[in-house]
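Look for chain A in each of the two complexes below; its partner is chain B in the first and chain C in the second.
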Partner chain A sequence: MGHKLGKLLTPYLFVAPNTLIFGIFVVLPMAYGLVYSFYRGNFIGGLQQFVGLGNYQQLLQDRAFLTSLSHTFVYVVLVVCLVVVLSLALAIALRATSLGTALARIGFYLPVILSPVVVGVAWRWMFSSDLGVINAVLSSLGQSPIPWLTDINWARAVVILASVWSMVGFYMVIFIGGLNTIPAELYQAAEVDGANPRQQFWQITLPLLTPTTLMVTILATINSFKAFEIILVLTNGGPGDATRLLVQNIYQTAFEGANPTYASAQSVVLFGILMLLTLVQLRISRED
Partner chain B sequence: MRKVRLLALVLLLCSLASAKGTLQMVWFTEAPTEQAIFEKYVRMYEAANPDTKVEVTYVPFQQLTQKLQLMVAGNTPPDVARVVTANIAEFEPVALDLSAYVDSASFLNQFLPSQIPYIYRKPRIIGAPLDVTANGIFYNKDCFNEAGVKVPTNSLNVWTWEQWREAMNKVRNNSKCRFALSYDFTTHRFSTLLYQAGGRFIDDSGKKFVVDSTQGLRTLTFFADLFKDGFIPKGQWLSNDDPSTLFRSGQAAMYMSGNWNLAQFSQIKNFNWGVMPLPRDKFRSTVPGGKFVMGFRGSKNPEEAAKFIQWITSKEVNLPFSKDNMVLSARKDAKGMKYGQFDDAIAVFQSDLSVTPAYVGKDWSNPAIARLNTFIRGEIVKVLLGQQTPKQALETIQAEGNKILR
Partner chain C sequence: MVSTPPTRKRLQNRRFLRDALVILLAVFFLVPVIWVVLSSFKPNAELYVVPPSLLPKEPTLENYRMAFTVGHFATYTWNSFFVATVSTLIALLTNSMAAFALAKYRFVGRQALFLLTLATIMIPLQVIMVPIFLVLRNLGLTDSLWGIIIPPAATPTGVFLLRQYILSIPDEILESARMDGASEWGIYWRIILPLSVPALATLAIFSFTWRWNDFIWPFVVISSEQKATLQLALARLVGQFGVDWSTLLAATVITLLPMLIVFLLLQHYFLSNLTAGSVKG
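Showing the complex of A and B:
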């Protein structure tokens, strides 16, 4: 009997530590966040008044929230498109194994292991309008400086480029893994049939990489929705609110506006979006 | 048996050691010199109070508010924290009431009247002032000499805004300084101009925003023009570039900040610098502020916290502490204190403080300003970006302010 019970419990005991950590550090704060979002309150007085969906109704008319949400969608679409295309291109270019490609892979992967804060500081050091290296070089060449971080459009471009640069190496590695699963015989047969490299890419590589591409797209989308540190350091959401995304808006609402319950409602919206994306990912991977 | 006894003895000693009271502090620092100086005073306090151990968590100023908010929300407030004017207003509801530990009248009577509105919420005393701050302008003497521009030397001949602007133009065009003016990215520093123009945020009743005025409009228009005409580098207000760095690297001729920079600017070796009296418009004015120490209700050692606050703000400790940090003590008996090489600079800050209207401190001790700080700054930035007119910005600030005051 005891032996049977032990056998029954063993798998649960194995997952218990992880479940406990996940419960304390993820599920519990999430539950708290959900409860907070139905209240009005602050850090000092705690939860003061139950407002039901009041915070969510307010969100629908909150210009700062809606702007940051729309910025986030634009940012995610552009970053994900660039990340997918560039990481695939890099994976194809660096697929072969040689010393040169190995070094290049390391080079492109390096930003992934850097702290986002370091990436933000480095890009800021390069692109700062008044103190940046690039403008200093332009000035020394007699060119007029470019308002990289003080013009809305330039700042958005720099933020997107910095984000892509910091992510592309990671997805390149995934694509290389995907490329290596495509049997070489297919390319050999296509070559015998007279297919040129372009035709091989469109007819063999891309269709067989579909699962990998989908995974990369969804992972990059989820990560882009959570973008925060690089942008905080690089532009602090500026100029104005031109590069302020949802997570930064949540952070500022909570701490600078001292309104944690309203920020919780925004977090729940972000959670909903991410949950939806995750469900899509699960559905797709199940179909595969 | 002997082992058991030995173990018991060790446990007893351990429990005695832990009986020593631990005073938890959150201390923010701005200048790199501040931590070492404060450590010295912590050791002095521990030496004078052998039963107390002080544990200090140092945080950069930018993280102070968030740190305290989270500690208070988690019911683990520190015993003592060093805070600024905006914090003392925000944390007033959970502040330790010092009036339970001191004789209120004689305690308050030690400090300059300008600091009392921040700490005294009759009958509660919610903190104690460590030092007085004043906004002011640092300038690069080398660039001004090179451009042949003489700065006002005393309070009788301070520049008008127009003269100040003219000086910016000359020094930028005729010296190695690439920029005329570095300007801290804060509502507080912006408000210096508002008060000089005769404007203010909140009226005397403390219940109505009045920033949407002709004075407010003149201020914001003048300020936006300084960016438009390239006197202030846009990056400082649009992309968070550090204004202090631009001044310290010798690229900006002036820096609108405050007296708390004296200690770190004493390290500047590549050019000579000084402090000039603030320009005037309708009035002369700076913005008085300060650094404070406060305790928190529900902390572990309120009595010890009150004791430390009294100690650090006492004459015997606060005067040398202020001198070490090169800051203006908030004590009345600090008048005439000498700072050596910085006496001239400090005299300029003191002169600006002495002519500042009383309502300026009242404005900044109103919790509504603490809450709107970032919002106001954001509205000014929209003007700088051309997304709205100064008038629209003032209307929005006023409407939002009145919403909070209601």
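Showing the complex of A and C:
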């Protein structure tokens, strides 16, 4: 009898440690966050007053939140477009296997393994207005230096470029995998029929690569919505709030503004966006 | 112009040209990293010379010495190593145990547990960073290295990867071990784990790099200076008014060096298609 019970319990004992960590540090906080978003309160006194959808109504008129949200959307669109185009271009350029392409793949992938903080520091060092190598090159060419990180538009451009730089290698590898699934005979046949490389790209590569392209687009979109660290280090959201995105706004609302309940409502909005995107992703990968 | 059919020689030349071109492009792409590394060996005064020289004129390790002594980067390096290593060991153990049960046992709630694991992928840290701070505070884990070691150890990616792998281990092996009187734990420890070494190695590499590069966890959890990880210390250095670039650049190289070594030694793990599609984190 005891033996049988033990046998019944075995799988549960095996999953217990992992499930416990999941439960305490992912599921519980998620539930907490949802409950918090319907309350008013702070870190010291805890939950103080149930406000229903009050926090969410406040969000609709909150200039700081709406600005960070619209900045995030613009950032995501630009980053994703650049990432998709550039990683596909790299994948096509490096799809052949040779020593040169192998080394180049390592080079283009390298930023992916760097931490976002390191990426931020490296770009800040390069684009520093007084000490940066970019401005030094500009002035040696007789151009006047550019205030990269203190001008609104330049700061946005640098933030986007740094993000793209840190991501393209990852998606390049996915695209190379997609390219390898296209049968080589198709290209041979097209060549026999006299199709030039450009026609081959539009008629063969791009259509057959559609599932991969969709997957890359959605993954890059999800990752871009979560952007925070690179920007924190590069511009700290500035100048003003020009590069402050959603996650930074959540962080500042919670920990600098000491308003965890209101920040929780913002987190729920972010979660909604990410869940929608993930559902689309699951849909696509099932159709594969 | 009349085009001649490409001879072997011309094809070879074209390949060589293409290889040289793509390597050149990759080097250009890496200028931000290369420039940090080169600058980190320049003496303080040389960092402020305009225009800067490409190579340090008087290369020095002084910045590194300063970072390790005055900047306390020896402590931060140890903290990062400790966190990444212990968290990875916990992940290997708990993920493989869960993966074994999900792959090889039939039990009530298995499907639900599997879906829960799947669902947690949708919940990134960015979404729960506020409530997780409250949970950790209630458990007395704020400003403790354990607060950044334990929570991320239950990686859903790890459970998936290992489950897929363990599914491919034939049931007959487990059955014959049971016939010979092996306990369930013995089966996991002496059969499943040794047979899963390739998958465990993959998870170990990824888990170590994730934990080494983690920033939001320590940013939210750690407040005191001695408990900072490299990433946190680096971000704090940048945040200071009037950045001390000489220390910061050396500290950046210290932070990126282990990842660079791991990547260059094990690049096929990162560049293979097997794991490329897996979710980061």
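Keep in mind that, in the parts below, the second predicted complex is superposed on the first by the 257 of 288 C-alpha atoms of A that agree within 3 Å, B and C clash if a C-alpha of one lies under 4 Å from a C-alpha of the other, contacts with A are read in each partner's own complex, and residues count from 1 in each chain.
To be clear about the criterion, a contact is a pair of C-beta atoms (placed from the backbone, for glycine too) under 8 Å apart; a residue touches a chain by one contact, two chains touch by 3 or more.
Small disclaimer: the values here were computed from a predicted structure and weren't measured.
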item: Chain C versus chain B on the shared chain A, clash or fit after superposition; value: clash
item: Touching partner for A:Thr19 - first (chain B), second (chain C), both, neither; value: second
item: Touching partner for A:Asn236 - first (chain B), second (chain C), both, neither; value: both
item: Partner chain(s) touched by A:Ile113 [first = chain B, second = chain C, both, neither]; value: second
item: Which superposed partner A:Gly257 touches (first chain B, second chain C, both, neither); value: first
item: Which superposed partner A:Gly45 touches (first chain B, second chain C, both, neither); value: first
item: Which of chain B and chain C A:Leu131 touches, first, second, both or neither; value: both
item: Which superposed partner A:Asn153 touches (first chain B, second chain C, both, neither); value: neither
item: Chain B versus chain C as contact partner of A:Val27, first or second or both or neither; value: second
item: In the superposition, chain B vs chain C on chain A residues touched; value: C
item: Which of chain B and chain C A:Gln61 touches, first, second, both or neither; value: neither
item: Chain B region in steric overlap with chain C, selected from 152-160, 242-250, 350-358 or 386-394; value: 242-250
item: Residues of chain A that lie at the interface with chain B and also at the interface with chain C; value: 43, 130-131, 236, 255, 260
item: Contact set on chain B toward chain A in their complex; value: 65-66, 69-70, 72-73, 90-91, 93-94, 179, 233-236, 238-241, 245-246, 249, 251, 371, 373-375, 378, 381-382, 385, 387
item: In the complex, chain A residues that touch chain C; value: 7-8, 10-12, 14-15, 17-19, 21-22, 24-30, 32-33, 36, 43, 93-94, 96, 98-101, 103-126, 130-131, 133, 136-137, 139-140, 165, 170, 173-174, 176-177, 180, 215, 223, 226, 228-229, 232-233, 236, 247, 250-251, 254-255, 260, 263-264, 267, 270-271, 274-275, 278
item: Chain A residues within the chain B interface of the complex; value: 43-46, 128-131, 147, 149-150, 152, 155, 235-236, 238-241, 252, 255-258, 260
item: Partner chain A, residues of chain C touching it in the complex; value: 15, 18-20, 22-23, 25-27, 29-33, 35-36, 39, 47-48, 50-52, 93-95, 97-98, 100-102, 105, 107, 110, 113, 116-117, 120-124, 126-135, 139, 150-154, 159, 184, 188, 209, 212-216, 220, 231, 234-235, 238-239, 245, 248-249, 252, 255-256, 259-260, 262-264, 267, 270-271, 273, 276-277, 280
